[in-house]
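For clarity, chains are labelled A, B, C, D, E and F in written order, and residue numbers in each chain start from 1.
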Amino acid sequence: MQLDPVILFFLLGFGAGLLKAEMRLPSAVYELLTVVLLLSIGLKGGMELAETDWVRLLPQLGGVALMGVVLGLLAFALLRLSRKLPRSDAAAIAAHYGSVSVGTYAVAVAFLDTVGVPYEAYSAAFVVVLEVPAILLGIILVRGLRPDNGWNEVMREVFLGKGVVLLLGGLLIGLIVGAEGVAPLEPLFIDAFKGFLALFLLEMGLVAASQSGTIRRHGIFLLAFALVFPLLGATVGGLTAWLLSMSLGGAVLLATLGASASYIAAPAAMRLSVPEANPGLSLTAALAITFPFNVLVGVPLYYGVLNALYPATGG
Amino acid sequence: MKRKLLTVITEQALERQLVQCIKAAGAHGYTITEARGEGQRGVRNADFDQGANIRVEVVCEANVAQQISEELHRRYFRDFAMVLYLSDVEVLRPEKF
Amino acid sequence: MKRKLLTVITEQALERQLVQCIKAAGAHGYTITEARGEGQRGVRNADFDQGANIRVEVVCEANVAQQISEELHRRYFRDFAMVLYLSDVEVLRPEKF
Amino acid sequence: MKRKLLTVITEQALERQLVQCIKAAGAHGYTITEARGEGQRGVRNADFDQGANIRVEVVCEANVAQQISEELHRRYFRDFAMVLYLSDVEVLRPEKF
Amino acid sequence: MQLDPVILFFLLGFGAGLLKAEMRLPSAVYELLTVVLLLSIGLKGGMELAETDWVRLLPQLGGVALMGVVLGLLAFALLRLSRKLPRSDAAAIAAHYGSVSVGTYAVAVAFLDTVGVPYEAYSAAFVVVLEVPAILLGIILVRGLRPDNGWNEVMREVFLGKGVVLLLGGLLIGLIVGAEGVAPLEPLFIDAFKGFLALFLLEMGLVAASQSGTIRRHGIFLLAFALVFPLLGATVGGLTAWLLSMSLGGAVLLATLGASASYIAAPAAMRLSVPEANPGLSLTAALAITFPFNVLVGVPLYYGVLNALYPATGG
Amino acid sequence: MQLDPVILFFLLGFGAGLLKAEMRLPSAVYELLTVVLLLSIGLKGGMELAETDWVRLLPQLGGVALMGVVLGLLAFALLRLSRKLPRSDAAAIAAHYGSVSVGTYAVAVAFLDTVGVPYEAYSAAFVVVLEVPAILLGIILVRGLRPDNGWNEVMREVFLGKGVVLLLGGLLIGLIVGAEGVAPLEPLFIDAFKGFLALFLLEMGLVAASQSGTIRRHGIFLLAFALVFPLLGATVGGLTAWLLSMSLGGAVLLATLGASASYIAAPAAMRLSVPEANPGLSLTAALAITFPFNVLVGVPLYYGVLNALYPATGG
């Protein structure tokens, strides 16, 4: 198994957090890191799109969006069948797991760079497309087609979060100006990518550690779900990649997206649209369990399995 | 001149709605500061994006304060971290409030 | 012991002058927090450098509070976004205020 | 219903201890905002890490407020920059405080 | 017309702002970006000065300062002749338009880099010299020679703003240590310049959009002034460059400075020294109209016109 | 004497601060810079350790820790003998001067890079080892072996400050992944090091200037101590380096560490453990006098002297 140095930054933050070290990146720094990572991923994807016959990809986006809905429904069904959680909590968690985490995607990208496996950078577009549908699904599962705060407000919240806007923005800019146009931006957005990712993961480690105290409170069931569902999600993601004829690298990315759970867009949207759901449950699962799992174990695991099983030429 | 000072401490996510509610009740202004804290719904600090609180102050007539309190109570107390309290203040230019 | 708490919410740009005025009136201290808000002069948020407010608190004797209020009123109310109000507080060590 | 609002302004370094003290006295919550200011122990601004203040608010019953005040007084007034004051507030859901 | 990718970041921010997207760079990040851009522009200028007979340039600074006063007087005269605004508002706006915007200057620098036109990097010194005079003029136009808060306070406010201090500081450091001394600082201050500028423009787009609601409130007259005066300012700037025998690139920079309006130094100073002026008027004009105009239309326009008309060898 | 450009940033900040310029880096930016510098120094050290037989170094760490205690005792003895300060203040100041300043260390590293003198980058481990002992000593000198807040709390405060955690973390990560593993992080953590250091020193200049007003209040004795003790500390540091057979560069680093005074870890710890000590005294000495002295005069002086005297092959 390859060791990516950025993972060590996550462990450093996690350890420091558990020991309650006197250290925290200010929220302004966290914001800056998020913005840079989102734009960086978007720009890389856009540059690739500029050299691709990207119109051909448009139908694929529909398939990927469908995958988000399927994952959300799957999570909801599992949680409801267990009879452990009320409908609203089950729907909220389903929204988180059907949606995706860009931070986890960035770790997978860094991993593939380190092991030297090529991938479809335009998968950044899949991140955009996966972010939203499961959140809408989660709301509909509780509110039906009439959310309390109205669809306008919901749509604004969901489509105009920074994840969608900056990824999409980066993609478009990269697409318009192409690799040559992006070149002068590379020192900040491309060359420093792994450095920023390291700082981001340091902070995420601290955050995950500070949240980890809540795991016990929510019991073994949540823990089990947050560890097992990613494997299901990764399988669905890998299959989708195969159906879309993506390369091995692309399959690892899509598996990672399937396995990842949203901890930015989904919590914000569910808090306002399904406020009776306990935000602690879904955030603990996504942030304190699934995120560390994917970063430390999941990504290399998905790569290992796909490397062994994935057909060399895609589906 | 006597007025009421209404202080609300609640989740950042509610800011937009709160402001709407304050204006709808007829208050002429409000002031917001970033805050963190702890209460029935656990620790809420600025450590992570979602977590922080806002502290909202409104100086207004007693009946307006009453109305905002009731409205917030009705709409948000069940599902959101929220604390509110009222006190008496004296203002120099009562026409502003 | 009884003292007055004077709260002033105004434009960041006035901080230096405000502090001078507070000290000149004989208050022994003050506390400032960053704030944003809305009032007669529109929305003032921290979105852009110029825009934000400060919220200044002074615990002092009633006549000092009176004097600061009047001075601020005279000098700044016409041209600046500013709100101020007074309330009663009890302090443990009155000699500090 | 009547409750007391206790406001403490003190050095950031004391946050952990202060929170312990508040909980030990039986208060059910607290709110913290970042602050800066000036008092007997000089200017304390956010310019440098060490320097800033926190402003802590606790809504609680009068005897709890009394107890926290005395405890803080006893432990920290000699060596730390600290100001505290009490005021009357009205709360809607007294069981929370 | 050449398309500079940083412009697209401005449009992204502007669009996101108009749609009220859930996104904002924290003010600490905005501060950091401003500091880095100011130092970067200063250092570049200083390195060039180190290889120039810069004493020869000193008299030119006087000429440029005069240009700032002329532009301020011109703006004041126009606004007063229109009889639409009280003296204090006219003077405040004149101060903004006689002074300059470093952000706009940075965009012009990036533009020239992109189209590959050389320029006098020491023009950073002109930015310093242009920042102050029109602000003093604006104060004098209302208060005469006795400002309420005293000249001491006014001078401190005007000469010790971060614009003047950091530009001047960067210039001096670059001049003292020269290109070789600056080399180890280049990865942050020079190579990453365009990346930082992109982030800065993203934020400026958000800010401009949030201010754009006030345009309507202030009416068509302000809009017209804020769109037409830059053309006048650019003309005066281009002529000044010609008189100073600058290159085509330098002329574009000076035209841009003439066209640009201050939105940092001038608002702060006028607020305290001429408080009866409505700060919304001048900020809306400078930030929500003139800045976007210059960034999107002005800079390429000034280049286009000067490229056609400017004598190859300077004046 | 060689002139390092980063020093000029310190002077720029200091000058701007004395003139009360309208400028300040937000505390979030200061935090970010600190984190990056600490990780950067740690990573560099760790990469070197990865190529060294570092087990051999472990006993040396003991020697260096001892040096911290010796310096603390020396400072305490001098201050007590002078009969100018109560025991608690003397102990608090001793804790600051026996401990170290990473910012000063970074300046020495930059200086050696500029003059092209090689050094043991693993000295970052010495920084970690020097940070703590003198602080514990200071507490014991006042409280004996029973601190008011309990040893648990004291240990947490002292060992889990961001200095120790991030330096140690960086060292470990660098050691584990080696130079090759760190490579993708270099654009941010290594190449941009001097740029970040320049920004950091700009801010430190502003801070030092804002503190400098307190020098007068504390009198000539404190001033003298804060200027003379560094020379003593540098001598002890240089001797220690010689005993440990370090290179000339390493000796300059250890002399600088001996001369430097902590202004982050020590103030925080002493405030809670010895609250009756006046925090203004030690902070003024460390931050407003000793830090500027070392940055501007000390580092080049220690290099100059050691360059003349230090035996070419170490001890």
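Criterion: contacts are C-beta pairs under 8 Å (C-beta built on N, C-alpha and C of every residue); 3 or more make two chains touch, one makes a residue touch a chain.
Composition by chain, UniProt nomenclature: A, E, F = Sodium-dependent bicarbonate transport family permease; B, C, D = Nitrogen regulatory protein P-II family.
Model, not experiment: these values are computed from the prediction.
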Review point. Looking at CA centres, what chain is most distant from chain C?
Key: A
Review point. Is the number of contacting C-beta pairs greater for D-F or for C-D?
Key: C-D
Exercise for review: Would you kindly say which chain has the C-alpha centre located farthest from the C-alpha centre of chain F?
Suggested key: B
**Study point:** Euclidean distance of C-alpha centroids - chain B vs chain F, Å
**Key:** 46
Check your understanding: Can you give the whole-Å distance between the Cα centres of chain B and chain D?
Key -> 20
Check your understanding: With chain centres defined as C-alpha means, what is the inter-centre distance between chain B and chain E in Å?
Key -> 40
Review point. Quick one: chain C and chain E, Cα centre-to-centre, how many Å?
Key: 34
Revision key, fill the gap. Each of the following residues of chain A touches two or more other chains, namely 26-29, 32, 187, 192, 268
Review point. Can you list the chain C residues in contact with two or more other chains?
Key: 33-34, 87-88
Study note, to complete from the structure: Each pair of chains that touches is included here, namely A-B, A-E, A-F, B-C, B-D, C-D, C-E, D-F, E-F
Check your understanding: Which residues of chain D touch chain B in their complex?
Key -> 3, 5, 19, 28-34, 59, 87-93, 96
Exercise for review: Going by the contact rule at the top, pick out the chain F residues touching chain A in the complex.
Suggested key: 26-29, 31-32, 35-36, 39, 156-157, 160-162, 165-166, 169, 172-173, 176-177, 181-182, 184-189, 192, 268
Check your understanding: In the complex formed with chain A, which residues of chain B make contact?
Key -> 11, 13, 42, 46-50, 76, 78-80
Point to revise | chain C partner contacts - residues on chain E that touch it in the complex | key: 24, 27, 30, 206-207, 210-211, 264, 267-268, 271-272, 275-276, 279-280, 283, 287
Practice item. In the complex, go through chain F and note every residue touching chain E. Key: 3, 5-6, 8-9, 12, 16, 19-23, 25-29, 32, 110, 113-114, 187, 191-192, 194-196, 198-199, 202
